[in-house]
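Next up: some structures, all given as structure tokens.
Note that chain A is present in both complexes that follow, paired respectively with chain B and with chain C.
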Partner chain A sequence: MISALTGHYHRNPTVMLWLMVGLFSSILLPWYGIEDGFFDLEWIIDGYPLDSDFAPLFFLLGQGEKLWLTPLIMPFFFAFFALTLPQRSSAFSWALIIGGGLGLIWMCGQGLSIGIRGWQIASLQELFGPLDERQFGMGYGAILYFASCLFLFSTGLAEQRGTMGDKFIIGMICFVVMLVGIFVFYPIIKLIILAFIDEQNAYSLSLFWEKISDSRIWSLGCVFAERRCGVAWNTVFMATIVGFLTTTLGLVFALLVTRTNLRYRRIFRAISIIPLITPPFVIGLAIILLFGLSGVVSTTISDIFGLTPTRWVYGLPGIVIAQTLAYTPIAFLVLIGVVESVSPSLEEAGLTLRANPSQVFQTVSLPLIRPGLANAFLLGFIESMADFGNPLVLGGNYDVLSTEIFFAIVGAQYDQGRAAVLALVLLSFTLAAFYIQRFWLGRKSYTTITGKGDSGYNMKLPPLLSRTVIFVGSSWAFFTIVIYSIIVYGSFVEMWGLDNSLTFKHYITAFSVSIEENGIQWTGSAWNSFSTTFMIAAIAAPLTAAIGLVTAYLLTRHNFRGKNAFEFGTMLSFAIPGTVIGVSYILAFNVPPIEITGTGIILIVSFVFRNMPVGVRSGVAAMSQIDKSLDESSLTLGAGSFHTFTKIVLPLLRPAILAALVFSFVRSMTAISAVIFLVSAEYDMATSYIIGRVENNDYGLAIAYSTTLIFLMLLVIILLQIMVGKTVTNRRQAGTETQGGLNVT
Partner chain B sequence: MSLRPKKSAAATVTFRDVTKLYGKDTVAVDNISLTVEAGTLVTLLGPSGCGKTTTLRMIAGLEGVNKGNIFIDDEDITNMPASERDVSMVFQSYALFPHKTVIENVAYGLHYSGLIKSAIPVKAKEGLSLVGLEHLAERYPSELSGGQQQRVAVARALVLEPQVLLFDEPLSNLDAKLRRSVREEIRELQQKLGLTVVYVTHDQEEALAVSDKIIVMNKGKIAQIGSPHELYEKPTDLFVANFIGESNILDCMITSVTDKTVEVSVGGKIFNIPAQHIKKGPAKLAIRPEHISFHNAQKKDGFSGSILSATYVGAKTEYQVETKAGKLFVMVASTERLRDVNTKINLGLSPDKMLLFND
Partner chain C sequence: MKLLLKFAVAGALVAGSTVAQAADKLTFYCSAQEDWCQLMTKEFSAATGIKVNMTRKSSGETFAQIKAESSNPKGDIWWGGTGDPHLQAAEEGLTMAYKSSMRSELQDWALRQAESANDKTIGIYSGALGYGYNEDLLKKNNLSVPACWKDLLKPEYKGHVQMANPNSSGTAYTTLATMVQLFGEDQGFEFMRGLNKNINQYTKSGSAPIKSAAKGENTIGIVFMHDAVKQAVSGFPIKVVAPCEGTGYEIGSMSIIEGARNPDSAKKFYDWALSAAAQSLALQVKAYQVPSNNGSKTSPSAPDLSSIKLIDYDFKKYGSSSERKRLLKKWDTEVYAQ
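This part shows the complex of A and B:
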């Protein structure tokens, strides 16, 4: 308004800002990444600004170096030009769109085609001849420049849309799209490309076909002959069993907690949740301590019956038991929501229509829960496929995709191509499951018909079913308790199975501290990875929450073209197994333009984008509860969207923010599958350190460390819980909840 | 037309000293006794939270009883499970099964009623045609409008030819236009089929319109039972006088009571009104707004006051008048001349329309 009144004296402040940022970054900041690390500042006294390693863009060009960067000046001209034009004119917006767009395209183009060894793409080399210069990953200058182009572009887009456009909203959309593009899609694309490349760096379809049709992947030998099946079938088989078991047990627990009169059913809720904060493979460890060669159960049975212990648990049985324990809570969380959302009045209507309780359960309750069951099954299926730790610890000869991928990369074979192909196979399975879950089930789930709700209670289970549910649930809960007791107890045992005396040895080895003259010495072997893990989790959590909530805000409060694709893109990383992320990240990010392998940044980034869907989910759930008129009223009072978001919406979102924080924190502390590819000597993570101990048969230390992690996370969660306070939901007003697409992982 | 083996005439519902507690000390229904005659439509009327739904749910068997007994005809059904009672209910939210089509919804109860298989579709269609929705049989509830959903819910309950049919605020999810016609349809069906219906509402106008008999409830107790006319003209307590229709409630003093008349003093005026059951001393006087009229001339027996506000609402005009006895709400036919705010006015109160209640 003001600028319109006072004519051309007041320039568009957003354009001014991003133009200044762009100029600042190209005149003052080192263009390329500093080799000593992102946060190292030694370059200031080390030849800056002329040394080409540290020179800003303009200094590079001024000295005649890296001349392919020259077109990057164009956006500045366009932005200056735009500032001379009247605002709201279409020329103004087009100048920004073209200028910013040029900058973005050229940045990507040159970054992807010129790397450490000159031309990256063979055909370009033929076209332009060899290049004797090379370039490294993007540094402060390049990153900020990129951002400034992005926001000039988005401002242009916002202006195009006239009054409907909002610079902040469109800027945010562009920003999120860019991040998801770079950190979710780009690595996957790299992975796909790699699957098609032969040793000579040439594309080869036939080679791809050869690799993908490998009988080691697809053989059905175990069905038709006395041979082994391919990894793909092994994986599908395992995931199907686990999906089925977790769903069944999840339903049992959900019914037990909500539909029986069992006195202590709340305890079951707590018990069934603990595995969520456990690194999944720790359960695998406990299974070994119980059923392994020197496990308690095995040795006891062999003592009594005089049998020699076998290795039966190493392989499919062990993996299935461990994964079922680990992933039942996910099914439980999904299904408890679904079971509770079955409107009591529907069941009561059934009863008044002369159906007895078990008939009502079969004809009303169960059909209404069914989409939730399928949902839970698919989640278990995806989790099981993506799991890496348990197959690694317990797999024995039973090969699955995630471990095969790992061994293809780190093992003696070192075959990136094979890893890429296996990763694609795994990815297509999980994506298919994800697709089914979202699109097929999304349509099938029954939304409750609107209308003022009746009061009423959900029906208790018919007696026989109730007894079955209590029996199965209690047995499983008992088993869970045994597992955790074993974990805690095992951490105090000298050498499991051989020397069962109790000791603090493992804790001391891991976490000893000595006080010397020059201060505290963290002498324990675990401190390094422990502090790294804590730091990385602590940085990743708020970032995850932030990007998740911003995305949720965009999704719930704004309509824009491509919104569905946008949503799908942001939720996609949920379906990408950690192993695939790990492989694709090292493929994508150990070469320019983004060189971050071996840093802490790559770990943080991988966590943020893996956990983003949960942030989005909880954000969307929370925001759809907040009445839209609330922030609309603030908008009409003259506050811009940015102000609305920070002053009105954010404070109301505290619970969602904390949920996202907790989840992201826990996940960062417990994840292993992606991490194991991305850790480095400098940035080792707790889980990969523990896995390393396990591989050296140092179970004591591994378990002691895991126990510490579990208790630490319990502590963190309890603290956060106290901070938020418990949310009380009114059970008598069930009618309004929705069911279905809840993703808890 | 009944294909059911069981006898199924409309039945009488009787409550004998029934009490319902939630938890230890929330008394939702407090020692009530009532009778719903066979073939009549009886309304449970009262403000929100007074225990209407609870009473209804006890008839359906969805809520246990803490004390007392419930009978259908002569059978004590207090402890009979819901599915065995010959009672159907139309829920406030309709509670249609979202995973079943309209016809499947209607047929649902028939499957559990001991009918022969082949009779079920026939009966279900019959039920749907009662509410005029045969053409929507294959739709899912989510594909129906609110009014249509409501009819399906009614049909689903009706086809069972229950001894008692229950409605919990059946109009509350409909828009205002539909309400009048739907309540008339319900009443018509009830009379045509001679059903026993217990109907819950908090809307007194709705209750007056559809009921044979109204049971007014207040705080878990029955305040009064009577025909619409009785409740309107002869409320037996202040709550009913105020809840059914609108009343002006004034403080008054009963100065003498004889066989023929009661002398009452209000706002400095003395009225002699026909005998009522009342004791001497301070009391409350209720008079309906349409029983107060404007006097033009300087009559002596009226209240003088000044007009605070005037609201034209079509056929009637509503006035607030400040008098010595307090603020009075007066309703006058709009055919009378409109009076301005602040006009001094004389009010005439007809003594035979005054109702007196001891505090």
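This part shows the complex of A and C:
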């Protein structure tokens, strides 16, 4: 059949391929989603292909069902028509663009307007009258059909640009745009719409205004009177303090590791990484066990000095301590890269010109670090705003936006509209910070690995500064160690504060295994959520890395119209707090056309698109560090572009791949704010299980589970490091290691 | 094409050989404590052979989920959690009416709950509001032992009392509604304003005040008495108080979700959960609520509702969303913002 066609028509393999995919999906695969799950194959023997639940597109139409799908045949005619036209003609490309575009638009239009209860939009109902038929979410057939239209469309676009058009590149751009559109923008738009809807389901601007101008959000009562401040200001104030503290401590650590002669300074690097792989709540719990009303430190101090212990830690102080512990590593990882990339030759030049070390530090090194400082500050600021776990445990009466959003939805008021409004406020804050970061600091060349030599060692710190840095760094490191000792100890204590005898009880409850006749029984109560979490994280991590690197490749090596918007779109989800993602995903993906709530897929999707910006950033950072002349020389020497990519670019990208894998894996294991809305009976995640334990005063089990997770993540990171390997360059070793962590710029 | 055909055939063969007999299923939303939910799941599966998928979330979270899923319900039955969200769900048509054959065995208050929701929900347990205090901390701070609601207004308790925020917790909303019914609206709010002076924190979750009292992070926590009893039985130095003026109560409820995919399994669960045997399971997990089936076993540690002065709590009025919104708004401006 194919050869008959090609004999007659002009051969264009891409068009042929996607046309075949489109036909295959509409003739053979069930159009709608299968209720029993994506991977269930029961449909094959259960009425397929005629039963309307399982029928492919053509069978549906042939039986006169779901007739609104009829226009979806059009793209096939256009594609066949295109094949009769000479290639490189503008008619050929237009036929593909119109055909594919029609398919895409009609798919979206019908999917959004006809749902499980007939018409989704009231005005359509008035226009066409009530619809008896209904439709479920997209299935294999519809998904593949959609892809086929997308790539026919992108091929058309590529052909239009003549010899300049690269089908693969343009296809990839369209693909990424489509994914980001569906999984980042669409849910957010759904959420924004909700903010404008009143209880009668009508749009209302005045209600929106009333909600957004609420004094509970914007009141400045704590400044001018003895009243409470609005949550918005509370949040900004908290995030500013945390941003400042994490940046300072991050810089101290970065200088300590790279610019002092302190022995064992490598230990600091390890210590500073551990908070990154700590599940939420744990640090908060440890702080309560230390500084709470009955905490170890509080009671000791009050016994010695005869003071009455207070609840000072609940509120802003507690949140700030916990968040500073948790987010200093991020600042550290950003800053160590910057500190190390300060070119030694510049500092050497300063010294040669007879400036003393502290002059060089103040006039050469520090100014070069400055953009990094601003970057680290903004990251700490955004992370603090989006944090959910610490304010929940330690917040006291200090309300912040992330917890307010959560309780607006799950609390006794069930006010989704208020949640949407608060989410918008939070989103606009993080976006503003993000925008400043992107456009104020984003324009900078990062090219530091070139074919040329750049040897030498960075200058050490001037003595006084060095001592200060060592003192502050060591104190904070000591504090971190105390916190983690409490955590490990807490997992072995029978019942904290009541019965301090040591026990393995919590580990046994969570992870016991018994061997019975019919094999191993995983009897521990945590196994279910543990295996789900591990599986989901293990699937999400490579997907995140792949889509991140592809996007990074498009961004750094190709120029196309709308590139800035494209980049902004792919980075947007970094600025969206998890709570907002959770709520908007539930709103967007519980109903057709995309119906994935209650599955593992929604968890994977949320992780992939939440963490994608890190994959993109580390890929961009790595790729812009690789001088294009390396690619070019490889090409000039006769290697093909595929060969160049695999032998030259990919090996140099190893740190970026590792960064994306590690970050995505760790985030998927420790995320809570989005997850709490998306878990279901079958797919429960570790963090949501841990919250349940904390709620139940079961600290021992919660901490034991968290400790296990920490060790598991350490193990996985080490394994990944071995598997992916390191980039070997002739430069100082330290320069490559830093990219192994998180490298958001 | 040939290759594809081969794939399809192979796929069909594999599928045909692995498809098992489709068993009865039930998606169970549970709003009680985790171990109780797990026990219910396990015992129901064992009793009926129905495969149960259980998700545990607080009643507020579950309500939010059911509402979000309303156009495409995923859950079948919702068991546990305070009655208000169940009533609200009934009011919004998210749950469906069902008259169980087990009704004759139930206490009056369980049936009254069903009545006020047109049979869309039913009472499964109840618990009275009260407070608990940490004995050690009370002694350490030389505080007198409280016995009434009004005692909590004494200046000596400043910074020692904790309750949840009624905006986020059903327990705290019950407290607010109880005060309004017990003292009248003006006096009730006067009480809440006085209490506000002594409150050290409005927690988010309803039972958090007594949990932090158990851990020594707080002295007095206003909670449901069975939550306080649980901490005392677990060995923490907690004493439970049934306030002398009388008090309100909650009715933990159960509802079948409208549009459930497995309505028959849901009804089986409903009937089973109202049986004396199922309700007696509560004791195994230290849940000291009063069961709604007259024949269930109770614990001697559980608060005895018949010896507590209970007010005539108007669930219909104070569970309605308009009254709730009005009271919460009033509380926000007249109490919380002060």
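Everything below uses one rule, namely that the second predicted complex is superposed on the first by the 646 of 745 C-alpha atoms of A that agree within 3 Å, B and C clash if a C-alpha of one lies under 4 Å from a C-alpha of the other, contacts with A are read in each partner's own complex, and residues count from 1 in each chain.
Throughout what follows, contacts are C-beta pairs under 8 Å (C-beta built on N, C-alpha and C of every residue); 3 or more make two chains touch, one makes a residue touch a chain.
Only a predicted model underlies this, so the values are computations on that prediction, with no experimental measurement involved.
When the two complexes are overlaid, the chain among chain B and chain C that reaches more residues of chain A is C.
Shared-chain residue A:Leu285: touches no atom of chain B or chain C.
When the two complexes are overlaid on their common chain A, residue A:Met495 makes contact with chain C while staying clear of chain B. When both complexes are overlaid on chain A, the residue A:Ala158 reaches neither chain B nor chain C.
In the superposition on chain A, A:Leu572 makes contact with neither chain B nor chain C. In the superposed model, A:Arg354 lies in contact with chain B only, and not with chain C. Once chain A of one complex is fitted onto chain A of the other, the partner contacts of A:Ser345 are limited to chain B, with no touch recorded for chain C.
Those residues of chain C whose C-beta lies close enough to touch chain A in the complex are 1, 4, 8, 11-12, 14-16, 18-19, 22, 27-28, 33-35, 38, 53-58, 60-61, 63-65, 67-69, 71-72, 74, 84-85, 88, 141, 159, 165-170, 172-173, 200-202, 204-205, 207, 211, 214-218, 231, 234-236, 261, 321, 324-325, 328, 332, 336-338.
Put simply, chain B touches chain A in their complex at residues 53, 57, 60-62, 81-85, 87-89, 91-99, 108-109, 111-113, 141-142, 146, 149, 156-157, 160, 168-169, 172-173. Chain A makes touch with chain B in their complex at residues 343, 345-346, 348-357, 359-360, 363-364, 367-368, 446-449, 451-456, 735.
On the chain A side of its complex with chain C, the touching residues are 1-2, 24, 28, 35, 41-42, 44-45, 115-117, 215-216, 219, 221, 227-228, 288, 292-294, 308, 311, 314, 392, 395-397, 403, 407, 409-414, 416, 495-499, 525, 586-587, 590-592, 595, 597-598, 676-677, 679-682, 684, 692-693, 695-697.
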